[in-house]
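Chain lettering (A, B, C and D) follows the sequence in which the chains are written, and residue indices restart at 1 in each chain.
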Amino acid sequence: MQQTKFLSVDELVTMVPDDCNLAIIKDDSSAPSEAVRALIRRGVKGLHLLTVPTGGYPSDLLIGADCVASVETSGVSLAEFGPAPRFGKAVKSGKIVIRDATCPAVYAALQAGEKGLPFIPLRGVLGSDVAKNRDDWKVIDNPFAKDGDSDPVLLLAAIRPDVALIHAEKADRFGNVWVGREKEMATVAHAAHCTLVTVEEIVDEDLMASTTTAAGTLSNMYVDAIAQAKNGAWPVGLGDLYGRDGAHLQLYAAAARDDDAFEDYLQQFVMTAPVADKIKATA
Amino acid sequence: MTCKTEELLISLIAPHLAECRHICVGVSSPIPGAAAQLARCKSNDRIVVNLLGDFRHNSFTSGGQEIFDMAGQGRIDAFFLGGGQIDGQANINLVGTGTYPQTDVRWSGSFGSAYLYYLVPNVILFREEHSPRVFVPKVDFVSAPGLSPPEHHRVGGPKCLITGKAEFSFDPIAGRFTLVSVHPGYTVDDIVQSTGFDFDMPDDVPQSKEPDAETLALIRGPVAEQIRGLYPVFADKVFA
Amino acid sequence: MQQTKFLSVDELVTMVPDDCNLAIIKDDSSAPSEAVRALIRRGVKGLHLLTVPTGGYPSDLLIGADCVASVETSGVSLAEFGPAPRFGKAVKSGKIVIRDATCPAVYAALQAGEKGLPFIPLRGVLGSDVAKNRDDWKVIDNPFAKDGDSDPVLLLAAIRPDVALIHAEKADRFGNVWVGREKEMATVAHAAHCTLVTVEEIVDEDLMASTTTAAGTLSNMYVDAIAQAKNGAWPVGLGDLYGRDGAHLQLYAAAARDDDAFEDYLQQFVMTAPVADKIKATA
Amino acid sequence: MTCKTEELLISLIAPHLAECRHICVGVSSPIPGAAAQLARCKSNDRIVVNLLGDFRHNSFTSGGQEIFDMAGQGRIDAFFLGGGQIDGQANINLVGTGTYPQTDVRWSGSFGSAYLYYLVPNVILFREEHSPRVFVPKVDFVSAPGLSPPEHHRVGGPKCLITGKAEFSFDPIAGRFTLVSVHPGYTVDDIVQSTGFDFDMPDDVPQSKEPDAETLALIRGPVAEQIRGLYPVFADKVFA
C-alpha cells in the first residue's frame, strides 16, 4: 500500500481527475466544504457526483460552479435554510443529469462496493417513481421465496467511487483518520478507489495504538492523502465539534437564488482568501 | 384556542405513538420531535426516541445506514414523513412538480421515504400547510407510494395525516383518508376547500381536542426543554 | 424498546430457549465461555449453533455436552491446541448436522440479516464442495453482467439468529456494551432477535456520553440482558485484555479426546464451582 | 544446511511477496508470518503486513469481515493457504477425509479459503508436511478449487507451493504443478515418492537456495523480533 501523503488542500484536490465519480458525505457529518472550494478554484469539470446519501452546501456550490455533469442523490438541500438553489436550477434546466435515489440505497450500494459484491438487494422502493426512473437498478423474483410465492426484490449495482472526498475531525501523523460514530466515512473510503481527506487537525497520538481510539478510526490503508483544513466543513457543521454558521448559510441561500449574486459569492468566498477570513467576512 | 397551533399539533400526534417502543424523527422536524418527546414523557420513559441530526443524543454508533438497518430489522415503530405533494392514496412527492426529471419546481429529493414508508409500521404523515397545492388529486412524482400491491414486501405504511387544519386517518384497504377532526378555527367546509383530493368523513366531524392542562404542562416543561437543544429557534418561538 | 436487564449468568441463559438458533463469536474476540458453561448447567437442548465465523472451546464444549442439534460453521478448532475433539466426533458419528460455510459467507449472511435484506450475494465459493453441500444457497446469473456474459453469483439467505450470546470487555449501567474493534459483536446483535451479553465488568461511565467511546459501543437498544462474568472468556482469551490459558486448553484438548475424560472435565470445570476456582484448579 | 529448515522456508517464501503492497497472514501461521515480515524488511517497510489474531498490531478496525471485504476490494495482494489434503490441480481440503459429511477424519473446516483463494491474486500454498497423505491425486473434499471455469469470477489463485522438502510453481493454464527446487537433504526421487500427485519438472532440478548471510541476519534479527509477540513458542524454538 502506498503511504498516505500529506499535502495542502489545493494540492490534495489535484488528485481528483476531471470527469471522475466523486463521493461526498452529507452536511454536518463529513462535508468537505473547503476541499470543494479548492476543487472549484482548480476548475474541475464533468464530475459525476454521488452524495452519501444527501447533499448540501458543498454539492450546491460544486453544481453552481459548473463542475458537475451528473448527480446521484437522495436529496440536496440547505436544511432549515431552504432548498439548494443551484441544484434545483441545474436539474430544471437539464444542465446536469439527475439520478434520484433513496438514502438506504446509496448506503447499500456502497456497502456492496465495500464488500466487492456485484450487487445488493434492498427492500422497499418498488412501485415508486424513484425505482421507475433508475434503469440501472433491476428487479428479480426472490429465489428464496416460498414455493409459488412471488416476491419481487430490488437489486442495486455496487458503487465504487473513483474518489471519496471526506472531511474529518482529526488524523494522526501515520495517516489514520478518526471517524467516530460517522462510520459512513469508513464505508465510502473502503468502497472508493482513492480516498482524500481533509481534517481539522493532525495529532501526534497514534490513533491505532489504543483499542479505544482504534475502534473509531479508519486505518491509513484506505487513505491516499490528507490535508489539514481548519474549519474545513464551514459554513456547514461537523459532528459535535461545531455547528452550522447560520448567518453565512442564509447569505449563501439568498445569493444562490440569483445568477449574478452567485457569481459574486464565488468570487468573494471561494476563489480567494483562506477560510478564517471568510468566516470573519460573514460575522 | 387556549394553546398555540404547534402545541395542538404536538398533542394530536403524541397519542398515535403511545404504543411504540422506539420512535425515530427525521431532521428539521421540531413538531414531530416534540410529539415523540411528549409520548416518551407520558410513557414514563418506556419509549425510546431518536432524533436524527442530534449528534449528542441518539443511539446510533454505526453510521448513517444504521437507522435504515434498524427499520429493516423491525426495530423502529414510528417515523414521520411529509411531502411537497400528498395525494388521496397517501402517495408522497418530495421531488418536484411537473414532468420529471426537468420538473417545473424541484424539491430536495426523496431522502429515506422510498424505504421507510414500506418498513416502519406507523408512519405519521405530517404537513402543516394544508392547501390544494399540497394535497393534490395525484402527485406528480411518487417518492413513495401510500399503498403497494400484495406481492410487494411491505410491513409499514401511513397511519394518519396531521395538518395545520385537521387530522385524517388512513384506511389501507380502501386506500382513502377519512377526516377525523377539524382544528379549532376551521370548519369542515374549510377542509374540503383546502384539500385537493377526495376523502371520507362521518356525518358529524368533531373538533380536534385541545391538550388538557397536564399535557400542556408537559409540552411547555420537559418537552420544550428536550427539544431546545436541537431546535433553539423553534423553542424560542413557541415556548418563549 | 424494553430496558436492558441486569442478571446473573445463570439467570441470563434461561433466556436461551431449547431448539433455538444461537450465534456465538470466534475465540479470542468474544467467546462466551462462562455463559456456555451456564447453558450446559441449565441443560439446554437442541441448539442450532452458528459460529461467527468459526468456533473454538465454547462450541466444542456445547457440542460435547449434547446441547447441539446442528452447527453452521466455517471451522471449529482449538487453534494451536489442535482440532476440536467433540466437534469432530459428533460430525463423524452423525450426531450433529453440519453445515460447512466459509467465513465471509457467515459475515455476509449476518449483514444481510442486519439490513433486513432477504439475501446477499458473495463472490468466490462457486465450484467448491462447500457450495455443493449447501442446498440453502442459490446461484443466479448476475443480472448486471454485460450483455451475453454469463456471470454466476452465489446468493446466501440472510441469517437472523434467535439469540446472540456475546462476551465483551465492559458494559455501562445503561446497558450499552463496549465492542471496540470487534464490530462483529454489533453485526450479530443487530441481526439477532435477542442479544444476551456477559461482560468482564460493568462501569459507571456512560459509554454513549462521549463520541470517543460511543464509536466503539453497541447501544442498549440491541441488548436484552447483561450479566457480569469476570474472566468470562476463560480459558479462551479476550481481545488485548487477556490471552489464552494454554495449560487449561491443553488439558481440555486431551480430556475431550476421550468420552470418560470429557465427562470428568464437565463435572470438574462446568457443572460446579465459579470461574475463579477453575482457573486456580488448572494453575 | 547452514540454517534451520524454518529459516530456509521463510527465505524461500519471501521473494514471492516482493512485489506486494499488502500481505495478510492467517492465524497460527508463524512461518508465513515471518516470511511476510522478511519481505517487509527487504522492501524498506513499503509492504504492509497484517497478521490475523494479532490484536495489537493490525490495521483492522471494522470487525472480522474487514479482511474479506478488503480482499473483495482488491486490497490484499497475498495470502497463505494450506490443507489437510492438496492435490495436483491445487484443490485444497480443510474439511476431512472420506465421504462427506460423516468423514473418516474431520478437520476444522474451510475457514476463509473458499473465498480468499478466488480473490487474492497471489495465494502461496504452504504445508510443511510433505507426504503422500497430504499431497493426494484428488482431494476428498474441495474446500476451495485451484482452478475455476472461465465464467466464474476469479482474480486470484495459487502461485506456488512450498513444503518442508521442495518448492513448486503452479501453472493455471495447464492446471499442474512444476517442481522448482528441492531442499537440501532431499533428492528429486524423494519428492516423487512423497508426492501423491503427478507434476512436471525440468531435466535438471536445482537445489533450493539457502538464505544468504544478509537475509539470515534479517530473519534472526528484526523478523524474529516482530514474530515473537504473536508466536513466542515458535520464536523460542527457532531463534533461540
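In the analysis below, contacts are C-beta pairs under 8 Å (C-beta built on N, C-alpha and C of every residue); 3 or more make two chains touch, one makes a residue touch a chain.
Just so we're clear, the structure is a prediction, and the values are computed from it rather than from any experiment.
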item: Topological distance between subunit B and subunit D, in contact steps; value: 2
item: Reference subunit A; chain at largest CA-centroid distance; value: D
item: C-D against A-D, pair bridged by the larger set of C-beta contacts; value: C-D
item: Inter-centroid spacing, subunit B versus subunit A (mean Cα positions, whole Å); value: 28
item: Length of the line joining the C-alpha centres of subunit B and subunit C, rounded to whole Å; value: 41
item: Residue numbers of subunit A (touch at least two other chains); value: 108, 111, 115-118, 122-123, 151, 153, 181, 186, 211, 214-216, 239-240
item: Two or more partner chains touched - positions in subunit B; value: 55, 60-62, 65, 68, 72, 119, 153
item: Chain-chain contacts as defined at top; value: A-B, A-C, A-D, B-C, C-D
item: In the complex, subunit C residues that touch subunit B; value: 1-2, 113-118, 160, 186, 190-191, 208, 211, 214-222
item: Touching residues on subunit A, where the partner in the complex is subunit B; value: 25-26, 28-29, 52-54, 73-77, 79-80, 83-84, 87-88, 91-94, 98, 100-105, 107-108, 111, 122-131, 133, 149-153, 181-187, 239-240
item: Contact set on subunit C toward subunit A in their complex; value: 108, 111, 115-123, 138, 140, 142-145, 151, 153, 155, 157, 179-181, 211-216, 239-240
item: Residues of subunit B defined as touching subunit A within the complex; value: 27-28, 53, 55-56, 60-65, 68, 72, 94-96, 100-119, 141-145, 148-149, 151-154, 233
item: Residues of subunit D that touch subunit A when the two form their complex; value: 21-22, 48, 55, 59-62, 65, 68-75, 119, 153
